[in-house]
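Two complexes come next, and they have one chain in common, chain A, joined by chain B in the first and chain C in the second.
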Partner chain A sequence: MDIQAFIKGLEAEIEDLPPGTLKPDTDYRKVAQWSSMHALIVIAYVDANFNVTLSGPDLRGTNTISDLYNLVQAKLKNV
Partner chain B sequence: MYGNSGTGLSKFSLHNQKILITGASSGIGRSCAVEASAQGAHCILVARNKAELEKTASLCKTKADIHVADLTKEEEIKKLAATVPQLNGMVNCAGIISPRPINFLKKKNLEEVFTINYFAAALLSGELLAAKKMEPGASFVFISSISSQHPYFGAAAYASSKAALESFSKTLALEIAPKKMRSNILLPGMVRTRMLEETKEAVGEENFKHYEKNYPLGFGEVEDVANAVCFLLSNESRWITGSELKMDGGLMLSGIK
Partner chain C sequence: MPANAYIKAISYHLPEKNYSNEDFFSQFPEARAGEENLLKTGVRNRRIIAPGETASDIAVKAAEKFFTEHKIDRSEIGFLLFCAQEFDHYTPTTACIIQERLGLPKNCGALDYNLGCSGFVYGLSLAKGLIESSGIKNVLLLTSSTLTKTFHPRDKSSWFVFGDGAAATLISSRETKGIGQFVFGTDGSGKNKIIVKDGGARNALTETSTQDVTDEYGNTTNNSTFFMNGTGVFIFALKTVPEMINELLKKEGRKIEDVDLFIFHQANLFLVDSIRKKMGVPEEKVFNFMENTGNTVSSSIPIALHEALKAGKAKKGDTIVIAGFGVGLSWAATTVEL
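The block that comes next holds the complex of A and B.
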């Protein structure tokens, strides 16, 4: 899955986010209305689609959507 | 900070009481062991992580035994029940949260949470009774969560498993009352543990501060829960059974905003 598909899938799960809101360089925590609920959706989305478990410390090390995507890719390589 | 002995206040005596504590490798379970030992209890510490159990034992004021066991496995529960000494009390702290929105919830997620939060506690209680390891007057204490009655986003599996545990505790209370045994359950709100720190890292500092504003007395400390556990284990609470004790720093007074 490339980053565009990753973003499209994530936006589909976060229903209150207008499509096109997220870009690779978006600092996702600064998206309007971003809350703990969205962090949970990100964790569940990654688990469901990549079978990768993200922890709190994992998320803390990311800022942008690209960071998230790269983290997932790195974890997939380490499986 | 564990242990509050040295305050000069006398609490509820657990002198020479043998108390089994699950989830004793961290958080609330570890604090229960430390506080119970400060009241004279002989603790039997149960968890999967031997090194962390040894750390808990080193923090205890009295001798503590360690039993490494994986309570997700029924045979290990049976083995544990067969090998522990006669007990005066049991504290069920083992648990996981694993938050997940319902549209992502699969059977394996529900099983994972229920296996440790509900099945392990229920099966171990049953095995200990069947093996006649609970002394007359023994006290069971379970740790639930305020989220069983006031859930939050993503808590479906966790909150449901805790609600099931509350019903279990009350049924147990009814069945063991003829032997003067008791069962009670605590429903803590947010307590400062490693799990809470991880949540903070996941959701971000600002969201976290917003949560704490809902608590008139702020988040709890593990000792706050452990002190209530010690009371419910002690003979001073001998007329209390089947109860659910909310401990939420006033969260429910004004509701979650």
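The block that comes next holds the complex of A and C.
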């Protein structure tokens, strides 16, 4: 899955996010109304689509959507 | 004649005061913009314990309702188990006080145990042990949660998902199979994930106990209040629960297809549904009931089971997998044949 598909899939999971809001360099925590529920949506999305369970420290080490995407890719290589 | 423990009947009681999503958004107007995502938790109303009312008070109400609804003679209760996180006194045991309040016989055993969201399944395992090895005929399991008492007034996430309530479950003995095998798990290294840090034996309440800390999502807590690392608990559950259930099914020689219904601890709908999808359990095989109760901790499974029976989603003869998981960290799963 390339980063555009990754973003598209993630945006579909988040109810109040108009498509096109997220870009690879978006600092996702700065997206308006970013809440703990959004964090859970990200974790569940990655788990369901890549079979990768992110940890709390994993998440804290990311800022942008591409950080998140690269983290998932790195985890997939280490499996 | 073999004695097998089984769940005979359940009743529950919720406190009077309702706290709706509208009440929540009046308390936290800044959260309204995220309403659509919050609704993924599946909660619209929850009940809040009255000041001065205790976990044992609502447990007694659940038990009284139980005796009325199921016409079971209280003199037949051989053992009382009280699962809570709030007890009447430092000592004596609250279950002893409940024995007197309910008018249970003096030859009835009684004990308290402190567990949260895994508590109901642990209670079933204790009851099964008592029935199948000690010849006890009827165990009354009371689960009760008054967690909202411990919430910081600005702890948004906790106010949204939790509600108070108590359930009374009777475990009795019969010849045919009832409560099946168990899988248990504990990880004390996760103790800080869900905790009220100060005010117990380890840490006295001091001035620093009430120093507020606000997390990145705007939830304020301090060391004298309830704290939950929601993301951490979500990750824990998403990983642990499917593994636990797969182990249980293996132990029981069953497959997902052989199970009529799954009832997970009603942590929140988004988590339960994420677990369901991860395990590949069809939607119609999962029963959820939290819209008007919220997460009632140790009572969430018996409340959902009672409602599943009422709604005809579960019936006599069905095999149901139940799984509890939460504070401790602690988890357990079992199968019950109704």
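Criterion: the second predicted complex is superposed on the first by the 79 of 79 C-alpha atoms of A that agree within 3 Å, B and C clash if a C-alpha of one lies under 4 Å from a C-alpha of the other, contacts with A are read in each partner's own complex, and residues count from 1 in each chain.
The definition used in the following text is that a contact is a pair of C-beta atoms (placed from the backbone, for glycine too) under 8 Å apart; a residue touches a chain by one contact, two chains touch by 3 or more.
All figures in this text were calculated on a predicted structure; none of them were measured in a lab.
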Per the contact definition in the header, classify A:57: touching chain B only (first), chain C only (second), both, or neither.
first
More chain A residues in contact - chain B or chain C
C
A:16 contacts which: chain B (first), chain C (second), both, neither?
second
Identify the partner contact of A:4: answer first if only chain B is touched, second if only chain C is, both if each is, neither if none is.
neither
Just to be sure I read the superposition right, which of the two partners does A:47 touch: chain B = first, chain C = second, or both, or neither?
both
Thinking of the overlay built on chain A, is A:33 touched by chain B (first), by chain C (second), by both, or by neither?
second
If I apply the document's touch criterion, which positions on chain A are contacted by chain B in one structure and by chain C in the other?
29, 35-37, 39-41, 43-44, 47-48, 55-56, 59
Spell out the residues on chain A that touch chain B in their complex, using ranges where they run on.
13, 29, 35-37, 39-41, 43-45, 47-48, 55-57, 59-60
Would you tell me which residues of chain B are touching chain A in their complex?
99-101, 103-104, 153-154, 197-204, 207
Which positions of chain C touch chain A when the two form their complex?
31, 33-34, 36-41, 157, 216-219, 229-232, 234-235, 238-239, 270-271, 274, 277-278
Tell me, which parts of chain A touch chain C in their complex?
14-16, 29, 32-41, 43-44, 47-48, 53-56, 59
